[in-house]
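Next come two complexes, and both contain subunit A; in the first it sits with subunit B, in the second with subunit C.
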Partner chain A sequence: MSLLTLDNVSLTIGDKPILQNISFSLERGQCLGLVGESGSGKSLTALSIMQLLPRQSHLAGSIHLAGENLVDLPERQLCKRRGNLMGMVFQEPMTALNPLKPIGAQVEECILLHSAVTRHEAEGLARRQLQRVGLDPDQISPGRFPHQLSGGQRQRVVIAMAIAMKPDLIIADEPTTALDVTSQAEILRLLKDLMSEDQSALMLISHDLAVVADMANSIAIMKKGRIVEQGPLPQLFDSLAHPYSIRLFESSTHKPKRQKPPLFGDDPSLAAVAPILSAHSVVRTYPLPRQFPYLERRATRAVDGVDLTIHKGQSIGLVGESGCGKSTLARTLLGLDAPQEGSVHIGRHDPYSANKSDLRKVRRDIQIVFQDPNGSFNPRHKIGRSVAEPLYLCRKDISREERDERIATSLQQVGLTPDDAEKFPHEFSGGERQRIAIARALITRPKIIIADEPVSALDVSIRAQILDLFTDLRDRLDLSYLFISHDLSVVRSVTDEIMVMYRGRIIERGRTEAIFQNPREPYTRALIGAAPDLHKTIARRRKEAE
Partner chain B sequence: MTRPHLFSTDAHKYRSFLAKGMHSPSFVIGGIITLFFIAMALTSFVWTPHDALSVNIAERLKPISASHWLGTDHYGHDLFSMIMLGARNSIAVALVAVGIGAGLGVPLGSWAAAKGGWLDEAIMRMGDFIFAFPAIISAIMITALAGPGAINAIVAIGIFNIPVFARLARGAALSLWTREFILAARLSGKGSVRITIEHILPNIANLLIVQGTIQFSLGILAEAGLSYVGLGTQPPMPSWGKMLAEAQTWLMMAPQLAIIPGMAIILTVLGLNLLGDGLRDMLDPKVRSSLDIGGSKAS
Partner chain C sequence: MIIYSLRRFASLCVTLAAASLFIFSVMEILPGDPAQLILGINAQTDTLAALREQLGLNLPLVTRYWHWIVGMLQGDFGVSYTYSVPVTELIGERLTISLPLALMALALSTLIALPLGILAASTHGRWPDVSLIGATQIGIAIPNFWFAMLLVLVFAVTLHWFPSGGFPGWSEGAGPALKALLLPAIALALPQASILVRIMRSSMLEVLHEDYMRTARAKGLNLRQTLARHGLRNALIPVITIMGLQFSFLLAGTVIIENVFSLPGLGRLVFQAINQRDLITVKAIIMLLVATVIFVNFLVDITYALIDPRLHRRQMS
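Up next is the complex of A and B:
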């Protein structure tokens, strides 16, 4: 008898059908991967199992956990099972933890609720759980608060809460999507180890096939509230039949094709021409709060002596974990955040000392695409108005007709229609919004675009399309890119050269392929090792299966 | 994958805005009460049952009757006409006071958020300074110094509305300034004034409207309080607060003289507060998401 069985589960919220005929089962000690794009109903499947559905939802079918039908159980009985028999790990550890409670107390809370132990015993148990997830209580005190931990450490606390009662079932809903690749690898390994230690079943939800392929014994692929394909791994990879699963597989391993050859910084033809963007030993510091009045104020060096040169048509990648100063560097290069030392030149001008009319010309040459396509637009403005915003830079020499024409061209360049200018941002999906963000960057006909994590908020399938678009635009419009990402595999496909940033410094730079083949720094090696690679994973799984 | 934002104000939610409001009891009841008093104030410009200002001693202290719907006071003024004029007076004072508060407070708060640094500190500490004194006591002080009268009452109430709006605007604007569409606007070479007008103000307008409704009711209360102690509206213009004060003498003989203006004050303040609550439920996405089906997880 399986530990968890879903039989023909259908869910409607209001009168909107969300899930249709979901059936699968999960054995003790096994891992099931649930894969699909955002909005496909993965999270609501998880919430259906936990019986934590929003109001006005109606569930049909049966969900059996350890022989009991959870659908029929009253709320009081369910409370005894949540956290005890089934635990959950959420996507965003910062919001999953109570910011006002020490981490030790949060783990304790779960133990106290479900077992008859004294507060003192619970404290000891909580310490042991924190130890198990790699947060040694002697080094990281259980009295710390969530904001005093890094993202990866916070996710470890959430996992400690989920496993505290040794539940039979752990549901991990996109547990690593909000984390860097390096922490992602660590968290996945931790989940795997804990699962085999406790013999619990794991349901791993992700939009990334590569993440799931590494862990899962079997996999279910979801689209629009239905399971389109399911089966054991790695065998299923040989027999993928549904067009959607094949597309998902392809986009996970997709590499954009480039028409033009790569252009390297040491190319002799570049020596004579001036670079588009250059920075010389840029230092950007942020003051820390005073430790004591009259004590000298200390500062963190977010960017510490960075040099870089980008020529026309070049695509450079900037890679590093979150908090290493990538985004600060981007803001400094854009002219938004003046550096304390060093200089930045866009074309021939320094954006921090140029006069107003020069500055306007300079700004036309450099544009940005942000990470979060939801926050990139004023929700109250129509798309046309948002896209045309950078034209404010050339407001004196552009007529209304030309403005409208440029909006139409930009939207067409990114694969949308000119009619989309009349819509509001909420009418578009995440991927389309990122296209619009690119359209906005293109409207001034810039020479260089800085892309700050442009695909990390997107699903894998959409990620491939956006990377294709970047490559295609570069070929057609002869653009330069500074491509910022925490994920090396993203940067690999679209850049000629890579710079690896660590704690505000560039520790390694060189041609993309050379760095991938032969990384010198141990940190770079760790980054490359952590990036999920579907082909390699499948090959390894096949070998293990034999 | 999407994060719910504090200001996720999507336009499609506004199309069915009124339809949604009809489902919120506090919005409907508050709206009806508020509209009733506004209509009364507007009608008083063209018609009142009797001349509210003419003294008619023969008719003094009449009970409720067909010709005097709410009776008359000790000078023979028709009470219903006085209530109508008082509504006009209260609404005018509160409206101008909220106007002063929002008109100065919102720009100051937005300015503080846009510039930051010492200017932010200076503006907000000034606000703290004003907040440090009880509003009504200070308003009494101001009117006592500058002389009683409706204008001085308006100014005194208005001054205490400034920091309320400044704080609200600054807090909301600060979190917007870190958003990416603001960065994009800065990159387009737009200055902070233009960004505030184009991007910040439209996105914080809903918060300001809700606060405006609440401050409006507080303004009416403050005006009634000032008039009660004789520092607000001056005779012969009637005011609800003044009517209350004068009715004290006749409380034993004609209690309706105190009850009716008191009820008028209570009802207006209640109506405006209900309206504010209803608007907040509809406009504030944090509250709204719990009313919406699906919740934030489904997005």
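Up next is the complex of A and C:
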């Protein structure tokens, strides 16, 4: 008998059907990957198993864990199972821990709850669990608070709590989505090791097929509350039948097609023309808070001597893990955050010393697209108004007709219709909103767009569409890009050259393919090695299977 | 933590000094000669001059400010112009009523509000929540003097459980004194509690949606344990801010309630002192109240730090 069996599970919240006829089973020591776009019901499937559903939920069908139907159990019994027989790891390590309690105490709590040990014994056990997840108590004290740890370390604490009682089942809901590639690789390895040590089953939820392909023994693909296809890995990848699964697979390995040839910085045609954007030995430091009033403040160097030039039509990627200074550099280049040393030029002008009218010209030429398409619009403004906002940079006396025409053009350029200008942000999906954000950047007819993690918050299929859009716009409008991302596959698919940033410095730069094929710096090598690659993973799995 | 407290304390001292300077200046700018006030309009010029000399009114401003500050630090606020007794005595006597009254009202409102706020949040949208929201609406809307009169009518006039007003003093023992303060404390606590219930409720509701609450449930804690161990402390932070503000108000913003119950408290003293232009008393009371507000804020800051380690601990890694 399987450890976990879901049989015809359907869930409604209020009157809304959320899950329909979900059935699957999972054996001890095995890993099941649950994939699908956001909103497909992956997380609610997990919460159904944990029986932590929102109010007014109605669950039909049966969920058997170790022979017991969890659906019938009263709350008191469920509390004894949660954290004990089944542990859960959540997506957001930054918010999954209580900020007011030391990490050791949070792990201890779980142990004290489910076993008859003294507080002292529990403390020892908690230390052991922290040790197991790679947080050596001698180096990282259990007395630390969550805010004193990095995202990856916090996720380790969450995992330590989930595995503390050696549960039969671990549910990991997008455990690495919020993390860098390097932390992601470490966390996935850790989950794998713990699973085999404890012989527990792992249900891994992810929108990233490459991650699932690497970890799972079997996979279930969800769409709109139903499982459309499931089967063992890697075999299922050969026989994907449902159009949705095929689309998901293709989006995951999508490479936008480009009309124009790549343009490299050493192209002879560029030697004579002035660059659109250049930075020379840029240093941006941030003062740390004073330890005590009147004491000298120390500073961190967020950007430490960066040089770069971008010509018309070039697309350059900037990669590095979070906190390496990518976004600070972007702000400095945009003219928003003056560097302490070095200089920035947009066209011929230095945005930090230009006079007002020059500055407006400068700002018109450089625009930005941010990561989160949901938070970047005023919900009470119509789309037209939001898109037209940067227009003040152009001319003050812009006529109504011209304004409307420009809005219409921008919206059409990103694949929307002029009528969309009359709608409000909530009427659009996440992908459409990112299109609108791009339309807003395009309205001033810029020469260069800085895209700061523009697809990180999007599902794979939408991500593919947006990357296509970026490529297409570049071909049509001769735009330049500075593409900032921690996701190497994204950068690889849309840039000609990349720069690798580490602790404020550019440690390696060159043609994208050359660096991916043959990275010189160990850090770059680690970054590339840690990035999940669907094709490679499948090839490896097939080999293992033989 | 020690550095944090020292920094807060330093800022407290600076604020106090600035406040004292401001109060002193405003009192100087106000028209009216205390000597003239004491002696009346028909006083002789030389008597006036003599009294000015005696009160130290002829000294330079800086010296007088200095004397005032040094005096206060030694507990000497000067002598009241109207009552001719030391202001310290005057205030001290009133504080024996106002301070316990404020503390009682604060304790009552906290004891009522926190559990009710938590109850409302944990039954969000169902009848206990809905009825509590309705009740707090009424609690905020009712003027507290009217509620005070209602309390007197029911519990003093009809049921004779409590005295209808006046204060027997602490010399008779704590029992009668507390009994005399209970009705006014309830009248004061009602609107405060109504506000606190709402703050507690919304703060708790916000915390309930936090990810770490879900993590706690996933560990196997039941709803009550989750609320108590992980929710409460996180939800208390905004509540403490409001409580700090409320205490400062309770100490002297109670003139009306003191009048209804004819309690000789601090609120009434300010009222009388202003009416009689007893500027030295007014000055002392204002300084005292400002100091209380600043000090309570200091306590609130320290409490924050005790609750939330992020405030005083620096990144260690």
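The criterion applied here is as follows: the second predicted complex is superposed on the first by the 541 of 546 C-alpha atoms of A that agree within 3 Å, B and C clash if a C-alpha of one lies under 4 Å from a C-alpha of the other, contacts with A are read in each partner's own complex, and residues count from 1 in each chain.
As a working rule, contacts are C-beta pairs under 8 Å (C-beta built on N, C-alpha and C of every residue); 3 or more make two chains touch, one makes a residue touch a chain.
What you see is a predicted model; the values in this text were computed from it and never measured.
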{"item": "Subunit A as common anchor, with subunit B and subunit C clashing or fitting", "value": "clash"}
{"item": "Contacts of A:336 with subunit B and subunit C, given as first, second, both or neither", "value": "first"}
{"item": "Touching partner for A:113 - first (subunit B), second (subunit C), both, neither", "value": "second"}
{"item": "Contacts of A:430 with subunit B and subunit C, given as first, second, both or neither", "value": "first"}
{"item": "Touching partner for A:377 - first (subunit B), second (subunit C), both, neither", "value": "first"}
{"item": "Partner chain(s) touched by A:145 [first = subunit B, second = subunit C, both, neither]", "value": "second"}
{"item": "Intersection of subunit A interface sets (partners subunit B, subunit C)", "value": "92"}
{"item": "Residues of subunit A defined as touching subunit B within the complex", "value": "13-14, 16, 18, 38, 43-44, 47, 54-56, 92, 174, 177, 207, 331, 334-336, 359-360, 363, 367-368, 370-372, 374-380, 386, 389-393, 424, 426-427, 430, 440, 457-459"}
{"item": "Residues of subunit B touching subunit A in the complex", "value": "1-3, 5, 7-12, 179-181, 183-190, 198-199, 202-203, 293-295, 297-298"}
{"item": "List of subunit C residues in touch with subunit A within their complex", "value": "3, 7, 10, 210-212, 214-222, 229-230, 233-234, 307-310, 313-317"}
{"item": "Touch list for subunit A against partner subunit C, complex", "value": "50, 52, 75-76, 79-84, 87-88, 90, 92, 95-101, 109-110, 113-114, 140, 144-145, 147-150, 158, 161-162, 289, 291-293"}
